[in-house]
Amino acid sequence: MLVFGLAVLLGGIGREKQTFNRTAIGANTSMLFLAVVALVMPAIFDLAVFGRLEEKGEMIEQLSFWTAAVLLVSYFASLVFTFRTHKDVFRGESHHTPVLGRGVAITILTFATLFVALASEILVGQIEFVTKSLGWTELFVGLVIVATVGNAAEHSTAVMMARKNKMDLALNIAVGSSTQIALFVAPLLVMVSQLMPSAMSLVFHPLEIAAVIFSVGVVTLVSQDGETNWFEGLQLLSVYVILGVFFYFLP
Amino acid sequence: MLVFGLAVLLGGIGREKQTFNRTAIGANTSMLFLAVVALVMPAIFDLAVFGRLEEKGEMIEQLSFWTAAVLLVSYFASLVFTFRTHKDVFRGESHHTPVLGRGVAITILTFATLFVALASEILVGQIEFVTKSLGWTELFVGLVIVATVGNAAEHSTAVMMARKNKMDLALNIAVGSSTQIALFVAPLLVMVSQLMPSAMSLVFHPLEIAAVIFSVGVVTLVSQDGETNWFEGLQLLSVYVILGVFFYFLP
Amino acid sequence: MLVFGLAVLLGGIGREKQTFNRTAIGANTSMLFLAVVALVMPAIFDLAVFGRLEEKGEMIEQLSFWTAAVLLVSYFASLVFTFRTHKDVFRGESHHTPVLGRGVAITILTFATLFVALASEILVGQIEFVTKSLGWTELFVGLVIVATVGNAAEHSTAVMMARKNKMDLALNIAVGSSTQIALFVAPLLVMVSQLMPSAMSLVFHPLEIAAVIFSVGVVTLVSQDGETNWFEGLQLLSVYVILGVFFYFLP
């Protein structure tokens, strides 16, 4: 959300409005909504059946398994949607002829990825050191600081694209990475963990759930009309800051 | 929601997108939103005042009565809206001249209704037998299986209309039946039950409430822009399956 | 919301639909969403950390302080947005040349404000007397009756503008006053109260929180498509009446 807000804010400065394709962003927001359902239902189930949160039993494990399966199916369908049936909608702005050979491109991509991963690793390492001396809680560091610094490369690309008014690309980067984690990485972890002695479930802290709901809500609200302006970017950042403040104070 | 998802998914296959009139679907989603408010408020009231759910007292009865009255007024207003002031918006696609006389049409309709009702009754009876041998809970059967099988006629019509790209009609069937139950059947039951010794109230299970909120949310999200595609249909079905999984495991 | 509903309902009678600028109303609804986040997060924080609501401690005070600061920043940014970068969007309908000199206008405005304030004061005073004899609770009177009668001048202006099909102006009055209270008056009170012995926090009654969420939800739902009709106005009023019924019965 930070990326999205920054991209919209900085992209919107000096322009009356920026437009983008609603079909693409609509697919992304409906996937995020699905993730919210998958996130909230176990919590409500726990509260309703056991009367308290973070109950972990065989029932929750099975629920998590099936929910994860639905999310994975939905993720693979989104790949078909993006690269097959509606690829023209998503390609949109980038009809460039390639200037690099395939081999060269893959080599550069590999080295660049390794470099960014290494840089992120060093950054995150440094952060741990800094935060311990500042007395920040682990949850705050994990959810806010690491998420911000660790994805620095992604963030700067999205903001740069937004400055060039390539909003479709910017929003896809900004929202796409969240979608990927929610609908692919997390469910995969759940399914793999079923094979291990202590299975991972999809039950989260209420504050995390609220944060996800509000994030998806504000992204939907801002992106639904296919237009953004700097003020909407600022609103996204404001929601982000308020959520950050609460995580900062959480014991 | 199953109907809606199936209609959008099957209608969207082979087409880039399907469009429909936003005024008609907007009226339906705002009515569903009203139903959500009427559903959630008693639960919050119970929690806030008595500290727990499913408290039934004279106060809740009175609340249910007045809420039901508002819903009924809203339902009758929607009839005026649909058949009087904005009938052109809803008619849209069906400017056919009638090919049957009024008397014949009513006779056919009466027999067809009786036949479908009988068929549904038999189906539901069979389901009870099947589900008992499969060990499914009554809640799961009532909410998921009976709702699916009992409305089979309606469902197939909606899906057929969607395949013919008559989305306005398909969506009206799919969403309209929910609206009718939420804003007409349920409030009427509440009001009639006031005359009996044990009045029915509008207090529901938290999981049911969550399911309704999410259903209305995803329908609104998908339909708000006046366009659908097969991927949005799949998202609707995914939400439906996740909710179904939770009801299946509910003890 | 009452104003908004009345304006949309009365403005919509006799017209098929009324249109308005989505950028302006979008900015307003995203501000209201921000206010909802600021309102709900303290409650969830309380529930998650202390296990119950209305806990007031130093931590909540600090949280309220920072949240209020973000809201104020957002409010001032909205002034820049409205009167600087996007003033054409908001001005829209009112390209009249002024017919009064500045001095005369200020004098009239001052007297009119004093008169309306006095009239409201008298009205509210009368209400207290009437309500006591009717046995209404203080919360119901404060939230529903005073809000309705105290803003009578504002309400009538919004409804009049809607009747003249000047929907942009009508919606700005209807939604703008809520935005102003949520993002300017309330945060300012919180910040000023920090200087006093007993600081005011942003923790509210669950029913109030639900009411605000539903109000913002229905306003967003109705206004998002840039069109309104009389039925949407009635839906707004229905939500308002249901919420009013619950506040009426709250002990």
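Letters A, B and C name the chains as they come in the text, with residue numbers starting at 1 for each one.
Going forward, a residue touches a chain if its C-beta (ideal position, glycine included) is under 8 Å from a C-beta of that chain, and two chains touch if they have at least 3 such contacts.
For clarity, every value in this text was computed on a predicted model and none was experimentally measured.
Participant: Would the interface of chain B with chain C count as same or different, where same needs over half of all numbers used to appear in both copies?
Facilitator: Here the answer is different, because the shared fraction of interface numbers falls below one half.
Participant: For the sequence-identical pair chain A and chain C, determine the rotation angle of the Cα superposition and round it to the nearest 5 degrees.
Facilitator: So the angle, rounded to a multiple of 5, is 120 degrees.
Participant: Need the CA-centroid distance for the pair chain B / chain C, whole Å please.
Facilitator: Centre separation, chain B to chain C: 32 Å.
Participant: Where does chain B touch two or more other chains at once, residue-wise?
Facilitator: Within chain B, the residues that touch at least two other chains are 224.
Participant: Which residues of chain C touch chain B in their complex?
Facilitator: 16-17, 205-207, 210, 214, 217-218, 221-222, 224-225, 227, 229-232, 234-235, 238-239, 241-243, 245-246, 249-251
Participant: Which positions of chain B touch chain C when the two form their complex?
Facilitator: The touching residues are 22-23, 26-27, 29-31, 33-34, 37-38, 40-41, 44-45, 47-49, 59, 62-63, 66-67, 70-71, 73-74, 77-78, 81, 85-86, 220, 224.
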